[in-house]
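These are the structures, in structure tokens.
Okay, so chain A shows up in both of these, paired with chain B first and chain C after.
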Partner chain A sequence: MHLLPRHFVFIGLFLLIGITMALDIDVDVKVSPYTKQMHAYIDSIPEGSTVIMSFDHEASSLPEIRPIALAMLRHAFSKNIKLIGVSLYPEGTLIGYRLMNNIGKEYNKTYGDDFVYLGFRPQYIAAILSMGESIEKTFPQDYLGYQYNAIPMLTSITNYDDINCVISIADGSLTTHWIEYGGQFDIKILGAVTAAMVTTYDPYLSSNQMTAMIGGLRGAAEYEKLFGMKGGGARGMLAQSAAHLYVIFLIVLGNIFYFRSRKKGAKN
Partner chain B sequence: MNRQIPLVVCFSFGLMMFLQYFSTHTVARSLNLAILDYWQIIFAFTLILGVVSYIKVNMTKISRGIDRPYLIVGLIGMISMPIMALIWGIKADSPFMWMFENVQAPMASTVFALLAFFVASASFRGFRARSTQASILLGAALIILLSRSNLPIPYAENLSEFADWIRNYPSMTARRAILIGIGLGSLTTSLRVLLGIERTWLGGEN
Partner chain C sequence: MDISTIVAGLLTLIIFSFLYKDNPFYKMAESLLIGVSIGYVLVITWSNTLMDMLFEPLFQSGKLILLIPFLLGLLMLGRFSNKTAALSRIPIAVMIGSGAGIAIPTMLYNRTIKQLTASVMPLFSPDGTFNFAGIVVIIGLLSTLAYFYFSREHKGKFGLFAKVGTYFLMIFFGTTFGYTVMSRMSTFIGRMEFLLSDFLKITQ
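Here is the complex of A and B:
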């Protein structure tokens, strides 16, 4: 163990990520069937349909979540899909508004006609169930303080019956609540989640309780490739691949040391 | 009597929410909506309780001199953010938003990013093939990591297929078992609470 002190492991990782992030080298990613499924679903949504995008994450996961959210927002706006932004985590509220507003401007979309941001509601289970009854009663005003009825694109929206699907952009288990509680209203749930959470949602995807899912920075890179853009996902792929290799190297090295010390112990 | 009233309220509301789930009647729907509103209001009050509790605990620790500088920074953050929001609002160019984007978000991301360093350290120090089970786990981890690394290695396609198999069969089987276990556990606990068998939520002794 003393052959490689802990701080060398840390410095090695820091240098590796720093250098690979600075290099502008494209890594060709193979698009997984999961990402293809998500892209195909968004592509199939008819123009003018309304989709809820729920920013269910905290600021800590922003480097991983942001590329996914940006790629999906760009795809949705390019397809002229109307978006309703909500957040069931306080920290996601500001982030979601900023992302939606910026990408909306990029595609010349008008607030209130093409997209709207309703903001945050406490107690996510109650908020999900309540929106199934009435979105207006759950969010009487939007994030900017406009009355629900005064927003043109919301006049024809009562509850989930008027929504094509919900995209939950999450870094934790909140998508599970969308599936379990939103699912009872027959609304399609799509998940854009962090890589660590992917296996949590596999059973829901396999049982069709979840319509589609993309995960992590790699998912973002794959989605960007399908959409034909270069974003944060693609830029982070080299660093992520290098970090994976570094971890593999450390596991192998650790085991070599372990077996050598065991052999020595047996001899002695 | 102090314990009987909460138990009756709990049972009545539990039963009511259970029954309304199966009804499409207007009364049942509006009752559901009203209760969901109250749920959110009660949750908002718990946030206030959390803030008061945080301030109280920290003030006690500050007076005792334990980690004083850190606690003071925490308290300043807790008090200054709502004040900024109340005075200047939370629009894009407000001080609140500046603090959120330039202080809170980078700090939260930094703490989250530290996990990568702990994973690297743990992979070297703890991920050992000490037993057959540990060796299987190690092998599966290496296959998944390699398959997600976009490396131009031989048999990359086969490796990726094998990684997907691990994800879709052994991993998902374990996940399903855990989910079913959680579901059954939640159901049992809910029934125990509703029927008044489980009373620890009332506090004190049974």
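Here is the complex of A and C:
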């Protein structure tokens, strides 16, 4: 395998993904029970209910997080669900605001009436527990500097008792804290996470500590299919399948080279 | 094309150049990423935390109770000098003490009791069908625990049972690794989509 310089491996991946994305072929994805569960839950939320969407991720995971967040925001706004945006990671703050604002505009939603963005609070455990007591005390002002009690949609919101559920959009273990600390207040926790974190949250889903979960670009593609839209998830599916086949091909090739060199070594 | 797309596109290509060879452009982009990230976090922390939660309520609204966290925060800065370093132990003790007080019962309940309860499933479901998954879960749980039990030598039947635990662990690690590869590929695909559609305008 050492005969193949590593640059060729990367160039091969570049070309493969470039070509598959240029082809723009629709791949029919099979929707997993996880995604069905998430879609069904969001679908069942009564119109006018309030949901907290927490952007608990860093900028580096945006390519994977963005399609998931967009699909969920579109679904929530189309169902006339009121959204409160927060962020427990500083890097997710502006990203969350932009995503929420852009999709809000797409659905003609008004800031302050249909959605609001409260911004970032440090010490996530303290922030989660504090919101259980009083959201106003945790966020006296929103991200844009408006006083909490001056925002129309927040006048009837005191704490988690007035919230239907929390959707944590995360690339790390922050959803765990929502489950463990937010769960103390009997609030339903839903996770929209990167694929790498799916196995971390699986036990929480099995134990019903978490209500629903979708994971990764694949989860986004499945959600887009259920919602009836074509977004970043669906566009990336062909490229992802091709990339996985490429990795399998390289593993097989590497093993062939390895066993051949071992055989040669034994003969010598 | 706006300037931010051009800058983002060029920086993405510069970061990818590391795959060929380490180079000064990559170093510059790497430093820029770290610098911008730290600068952004500092600004957000200053405006959303220190100003919103401490300075404005304390100095403008006169909430004197906030003097306590303010003083504890100042003591933390004592670490910058050897003479005053010991003072920083006070806020650290408060943080660790309160943190442990909150975390220990929560962890014990959510990570141990709740998870253990969920692992114990009935052997037969209400409609009378045999719950095969329940058997797999209980064997997986006990054999994996046996693997991490080091007070007894892993020999004989116990060794065999612990060996079964390693297979369950390997299945978990394999699944996690597979998902991680999928996650990294998704990130790469996301950047490629940006390069091809927004930056190079090759695709729609």
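Just so it is clear, the second predicted complex is superposed on the first by the 268 of 268 C-alpha atoms of A that agree within 3 Å, B and C clash if a C-alpha of one lies under 4 Å from a C-alpha of the other, contacts with A are read in each partner's own complex, and residues count from 1 in each chain.
We adopt the following convention: contacts are C-beta pairs under 8 Å (C-beta built on N, C-alpha and C of every residue); 3 or more make two chains touch, one makes a residue touch a chain.
All of these numbers come straight from a predicted model, not from anything done at the bench.
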Contacts of A:236 with chain B and chain C, given as first, second, both or neither: second
Chain B versus chain C as contact partner of A:215, first or second or both or neither: second
First (chain B), second (chain C), both or neither touched by A:120: second
Chain B versus chain C as contact partner of A:173, first or second or both or neither: neither
Contacts of A:199 with chain B and chain C, given as first, second, both or neither: both
Contacts of A:62 with chain B and chain C, given as first, second, both or neither: both
Partner chain(s) touched by A:155 [first = chain B, second = chain C, both, neither]: neither
Which superposed partner A:27 touches (first chain B, second chain C, both, neither): first
First, second, both or neither for A:130, with chain B first and chain C second: first
Contacts on chain A seen with chain B and repeated with chain C across the two complexes: 10, 13-14, 17, 59-63, 91, 94, 121-122, 125, 129, 199, 203, 206, 218, 243-244, 247
In the complex with chain C, residue positions of chain A that touch it: 7, 10, 13-14, 17-18, 21-22, 24, 59-64, 66-67, 90-91, 93-94, 119-122, 125, 129, 140-141, 143, 179-181, 183-184, 194-199, 203, 206-209, 215-218, 232, 235-236, 239-240, 243-244, 247
Residues of chain C that touch chain A when the two form their complex: 19-20, 37, 40-41, 44-45, 48-49, 52-53, 57, 99, 102-103, 106-107, 110-111, 114-115, 117-118, 172, 175-176, 179-194, 196, 202-204
Sites on chain B touched by chain A in the complex: 29, 32-33, 36-37, 39-40, 42-44, 47, 90, 92, 97, 100-101, 104-105, 108-109, 111-113, 116-117, 119-121, 123-130, 138, 141-142, 145-146, 148-151, 160, 167-168, 171-172, 175-176, 179
Complex interface listing, chain A residues touching chain B: 1, 4, 6, 9-10, 12-14, 17, 27-30, 58-63, 91, 94-95, 98, 101, 121-123, 125-127, 129-130, 133-134, 137, 199-200, 202-203, 206, 218, 237, 241, 243-248, 250-251, 253-255, 258
